[in-house]
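As written, the chains take the letters A, B, C and D, and residue 1 is the first residue of each chain.
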Amino acid sequence: TTRGDDEEGGGGDRATAEADPDAPLAEGLAVAFLPKQVNNPYFTVADAGGATAVEEFAGEYKEVGPSEASASSQVSYVNTLSQQGTDVIVTAANDPNAVCGALNGARSAGASVVTFDSDASPECRDLFVNQATAEGIAEIQVQLIAEQIGGAGQIAILSATPNATNQNTWIGLMEEELAKPEYADIELVTVAYGNDEDEKSFQETQGLLRSYPDLAGIVSPTTVGLAAAARYLSGSEYRGEVALTGLGTPNQMREFVADGTVESFALWDPADLGYLAAYAGAALASGQITGSEGETFTAGELGEYEVGADGVVVLGPPTVFDAGNIDEFDF
Amino acid sequence: MSAADTASPPRRRPTSPRSGRGGGLGRLGAARELGVLLALAALVAVTAASNSRFLSAQSIQDVLLSAAILVVLAVGQTLVIVTRNIDLSVGSVLGLAAFGTGELLSSAPGTPIPLALLFGLGLGALCGVVNGALIAAARVPALVITLGTLYVFRGVDHSWAAGEQINAADMPRGFLDFGTATLLGVPVLALLAVAVLAVVATYLRSYRGGRELYAIGSEPTAARLSGIPVGRRVFGAFVVSGALAGLAGVLHAARFGTVDATVGTGIELQVVAAAVVGGVAIFGGSGSAYGAALGALLLTTIGSSLAVLRVDPFWQQAVVGGLILAAIGLDRLLAARVAGRPGRRRVLHGA
Amino acid sequence: MVRDTLYARSQDAPADRGTARTNRLAALVRWETAVVLALLLVVVGASLGVDGFADGRNAEFLLLDAVAVLLIALPVTLVVITGEIDLSVASTLGLCSAVMGQLWLSGWPLELIVVAAIALGAVLGAVNGLFVTGFGLPSLAVTIGTLAAYRGLAFVVLGDQAVADFPTDWTRAAADTVAGGALPWAMVIALVLAVGFGVTLHLTPFGRQLYAIGNNAQAAAFTGIPVARAKFWLFVASGAVAGLAGVYWTLRYASARADNGEGLELSVVAAVLLGGVSIFGGRGTLLGVLAGVLLLATLRNALQLADVRADTLDIVTGVLLIASVVVPNVVALARARRRRGRPT
Amino acid sequence: MPLLQLREVTKSFGPVAAVRGVSFSLQAGRVHALVGENGAGKSTIVKMLAGVHQPDTGGIELDGRPARLGGPAAARDAGIAVIYQEPTLFPDLSVAENIFMGRQPTARFGRVDRAALRAATARLFERLGVAVDPERQARGLSIADQQLVEIAKALSVDARVFVMDEPTAALSGVEVERLFAVVRGLCERGAAVLFISHRFDEVFSLCDHITVLRDGAWVSTDPTADVTPDTVVRRMVGRDVAALFPKEDTEPGETVLEVRGLGRAGVFEDVGFSVRAGEIVALAGLVGAGRSEVVRAVFGVDRYDAGEVRVAGRRLPPGSPARAMAAGIALVPEDRRQQGLVMELSIERNATLTRLRRLTRFGLLTGGGERRSAAEWADRLQVRYGRLADPVATLSGGNQQKVVLAKWLATGPRVLIVDEPTRGIDVGTKAEVHRTMSRLAGEGLAVLMVSSELPEVLGMADRVLVMREGRITAGLSRREATEESVMFAATGQAGAVA
């Protein structure tokens, strides 16, 4: 057989199958988490959330994945999982298209495929669990920076790699958001790319500050970038002069919120994300849902969720962390 | 000069003694470093011309701080490369030491900084011992061994960290301040790197042991025949290279304040590039620690300049590659100039 | 140091009493034979001990994963045998993939694009070759430079886009198997190329000359061997094959991206070294490399199926690489010591 | 009591018994010669004294006490200084550092004192009459200069035993005389010297005792006064050896090789000559005169800036050894280890490397043809080898030289250029090489021979060209060529023959 045949087989069947909202969650489901990269702290937390969920519905949990975030090794892991007859594959795609063939192969071998954090092409997964709507993420970041710089001035974005899909979507939406009249006094001067490397993010932050002497704030929609920029600012003459916000984990940012480098920033709880994705997968594998719009399922203690258009389930609005609440979180 | 005025028995080559290619090795070596220095100056000039803030105190501090870690690594690498070996595992050793130090400091926040430095140094040296023992005792090519330990050390690092991240809040304040502290306006990390550089460079230039490293790299068979303890020296070079990579790991933790298992991934190629750009011959036997350090500084400055010049991010990597090629090309050109300068050649009769 | 080691070995540990029997034994313990045996051992062991390994579909997955490394390893083997190295291959693959995507976007027919990608690879290889042979720069340094430069150009060409709308009959063909079995056509092509490179290396005057160049380029030049020209063409071949691998990669993953194949150069070098090719040139066989590539791929596949974690997998790869050079040398040294210590 | 005593030492390399139960002793203040055919085991003995090899059985005594020479450092510490047959320098380091590696003079804090290092080297060179800048890099030194540096290195050690393995092989008369003076000085100060050479005049003029080896076994040790060259040769070879330089007069044919106005900036200038079929032309001169550079340029390994090279009237494109080979030129280079052979490759691969294309079937090499051809040539030149598949590095120096000759003679050239063709070759084989060259010339081959051995030049050449400082200063016919006339032209002293 070739992968091509699977394509129609896998996707097609499922979409037409009937959902049975009252079906109980099957026991003993083999659930595998395949993050972009194992040993990545963010995914470690997210997958741990998934493990909690799997334990709750008495499935078998495992986490596999490459040690470097590449699409090709992910394909090889998907193939392995399908070979092992895994029931649910929960994955964050390194490349929305490259993993497609393999995911469809796995689906035709009987697996339910849920993507989280980073989606694959909609036709090769059953469900995408989105951490927040892209619009929501863009809005909150623009809102935060606007507050911090007093609604006027130059800002810059420090992103991950130039081709990071999520970041680029958010940046696009942030630009749209900034075009609104209430942000007329804010000017987005440039987007820099720190490649999610400490050193590069440092250098790019420095470069931004040199090139734009009047810079009022930086938004970094990536945890590595935000932490690096915060670390740089906290040790430089710009501390307190240049505002900084974006997406980051409370643990990484605690120090910089404490020393006043960063006022507030946002993120969802990655553990909840993994938790929800695991329940979504179990619901699919148990036949509660098929991934069609309007279906609902219960995700343990997070409560009930509804499948939106294109098979997307949204976790909820991001949380904003500041000095007042940061100590309530540990991830 | 005519030959006729020399007395009998006839002496070979009655002209003045030939000073062959590279007569005055010192001069040639200096010229190589000069080439890197020129490239560096040109780069700074161009960048500063387009943005004068590139020469501000804070900016220079930043560049020095950025370069410190790469300089330490490149200096260690020089020790190994002059012996006709290579250490590709430095990135993994750095990662391991950075994580180990972070782990130490987060579990025992009272640890004094010198002890943390020693801890990283020791951890790195341990890795160097593994490399050195395999290479010197089993007499096998270093590239293969260190490519192997690149995987192994990184794997150990990953298993140890198991996805954990050590954040700034987990590390003591004093340690983080050490990462950004300055002395008379110069970052302490940079001073540390300069100290390492001075010690290693002096050893290589002026001590018997250092000269023997060059001898080994120049012709290993001859080194053995001259009674040089080849195995021991090579072993030593790897231990020091490992130790310096470990030190670099501590510096990394101090500077960035965030450590996970991926720290330092892929930095080995940058380190080798720094050494090569700095005129350290990849086949051993020549090059200086100063050159390697200059190479590291040049590469770091390239990174900073591109960021300041706001070069299209999609172009940045291509430009870095091009500049590496240009730097080694320039080095070769200068070497050829020096070697081919007239007056060094054999004096022809009547010429 | 290999050359030096070799020399030391020939002084300290020449073959035992040269009877016909020990000669045959010596041939058996030749490195590539050992790698082939190790490969067989892993295959048999995994078939017995790992669920889902001995299965047509798994074999297909395994072979598909090995194709790119195998392809690139072929010319790189020859390059390494002449004492040079090409670290830019993965970046060449990425750039060719990116250009493929860009050309597809601008409406070229795919047949032409494939040819163009391979030709581009050859040109990129020629640039390496020119720097190394024309300007006399060390290939390690040059190809570290072009590793960065070509990858950078790939981003310049395609930026952050991913081109994924290649026709399905093409992307399907990249993963298609012979008669619906487990052997992918792509692997067949790679094996045909392997035979070509093998014959060139082992049975033609050109191949013989490569060994001479790798051992002593000066002596080779004194023997009328066009050292620079031979090396130049090997770099061209290396680039062209990397371009071909880029085409395969793009179609197999149905995705042209600037970061395709990032980091693949280390896998290639690891496989080549594991295959018994001396990093200092002058020694190694294509069969060994073939076995080395398949050994690494099989081991990875089997360990993945056995749910071994990625970090352990890296450790195993590393240890294997180390063992590949340490074991034969330690055996030789021990044998020499035993002989020396033997009372007479 | 002897200073150093070898007792029944034995050394095997796998199946090859290189040294079999050899005993002899070195006396303080005496020079002891060790002679034997190529592969007789001389260098192996040297390496045992140097601590490079350990004897399988038997032992070495110093001052009557057994000495364990576990490595080169141990031998050095025991007061043994060694000049190896093949120079082993560090090409990237300065000449001075090469000489004093590991023993550099130091100043405060153990730092190497560069000024003292330079001065010590300069003094040493002064004593030996070496005109090499102590500060220059060792890379690019000619074989002769390398040899001189090796000698200087050994003399710089304050040793009691000096072991010299063919130190003079690359040197011409002037340097040899200098060396001898120094050696005699060493003896006067009570040192013992072991001297190895294939040149009998040297052995007989310098040495007090002569030990003969054959096939790794001891044959005889006698005071020099008690033996004649003929008896020694007979003991070495086991038979009488024919006349050494049997070049027969032939009627030269048409010009085959013609060189006009050849020049290379800073190396040689306006070099012109021609060689006719059936003729042997020698290129004589002092070491460093530029002869090797000229022949390398003719062959195309080096480039040249001016002039042209013609073979049988056709102009040869510069810089292409392949084209030169196609035109029928063969070059046996002076440095067999770096230029002549690929040491790690087998004897067979080396011997056939020059003409692989002719040994293919349907474009492929299957191995059989190569093996047959290699075996045939190895036998013709009497190469002593274990197996053809062994690395050529395992051969003795002289046998390696024979492989180089085989490799080139097998191409069937029209012009044979040989640079120091018999360097390190024993008397028996030297006669064979000379006979071969003479026969080939008789068959119409044009031979151009660079040689630093004056007797060889005078005995073999139909014409002698003398070079000095990059220019040809004299062209002498066989009749005109004498030791005096060649030396005059080579040194540029008054009275040189025009």
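We take it that contacts are C-beta pairs under 8 Å (C-beta built on N, C-alpha and C of every residue); 3 or more make two chains touch, one makes a residue touch a chain.
Protein identities per chain, from UniProt: B = Autoinducer 2 import system permease protein LsrC; C = Autoinducer 2 import system permease protein LsrD.
It should be emphasised that the depicted structure is a prediction, and the values quoted were computed from it without experimental measurement.
S.K.: Determine which of the two chain pairs, B-C or A-B, is joined by the larger number of C-beta pairs in contact.
M.R.: Of the two interfaces, B-C and A-B, more C-beta pairs touch across B-C.
S.K.: Report, in whole Å, the distance between the mean C-alpha point of subunit B and the mean C-alpha point of subunit C.
M.R.: Each chain reduced to its C-alpha mean, subunit B and subunit C end up 29 Å apart.
S.K.: How far is the middle of subunit B from the middle of subunit D, if each middle is the mean of its Cα atoms, in Å?
M.R.: Spacing between the chain centres: roughly 41 Å.
S.K.: Would you kindly tell me how far, in whole Å, the mean C-alpha position of subunit D lies from that of subunit A?
M.R.: Measuring from centre to centre gives 73 Å for this pair.
S.K.: Which residues does subunit C have that touch at least 2 chains other than itself?
M.R.: 7, 155, 159, 263, 309-311, 313-314, in rising order.
S.K.: Find every residue in subunit A that makes contact with two or more other chains and list them.
M.R.: In subunit A, 38-39, 67-68, 162 touch at least two other chains.
S.K.: Return the residues of subunit B touching two or more other chains; collapse runs of consecutive numbers into ranges.
M.R.: 154-155, 158, 221, 224, 281, 313-314
S.K.: Write out all the pairs of touching chains, ordered by chain label.
M.R.: A-B, A-C, B-C, B-D, C-D
S.K.: Which of the residues in subunit C end up touching subunit B in this complex?
M.R.: Touching subunit B: residues 1-2, 4-5, 7-8, 87, 131, 135-138, 140-142, 144-153, 155-156, 159, 263, 266, 269-270, 273, 278-280, 309-315, 317-322, 324-326, 329-330, 333 of subunit C.
S.K.: Using the touch rule from the top, collect the residues of subunit A that touch subunit C in their complex.
M.R.: Contact set of subunit A toward subunit C: 1-4, 7, 38-39, 62, 64-68, 70-72, 75-77, 79-80, 83-85, 95-98, 100-101, 121, 161-164, 168.
S.K.: In the complex formed with subunit B, which residues of subunit D make contact?
M.R.: Residues of subunit D touching subunit B: 50-52, 71-76, 84, 88-94, 97, 101-102, 104, 106, 110-112, 129, 131-133, 135-137, 139-141, 174-175, 177, 265-267, 269, 286-288, 290, 468-471, 487, 491-494.
S.K.: Taking the complex as given, what residues does subunit B use to touch subunit D?
M.R.: Checking each residue of subunit B against subunit D gives 3-4, 8-15, 17-25, 202, 206-208, 211-212, 214-215, 217-219, 221-229, 281, 284-286, 342, 345-349, 351.
S.K.: Contact residues on subunit C for subunit D in the complex?
M.R.: 3, 6-7, 10-11, 14-18, 199, 203-205, 208-209, 211-212, 215-216, 218-226, 282-283, 340, 344
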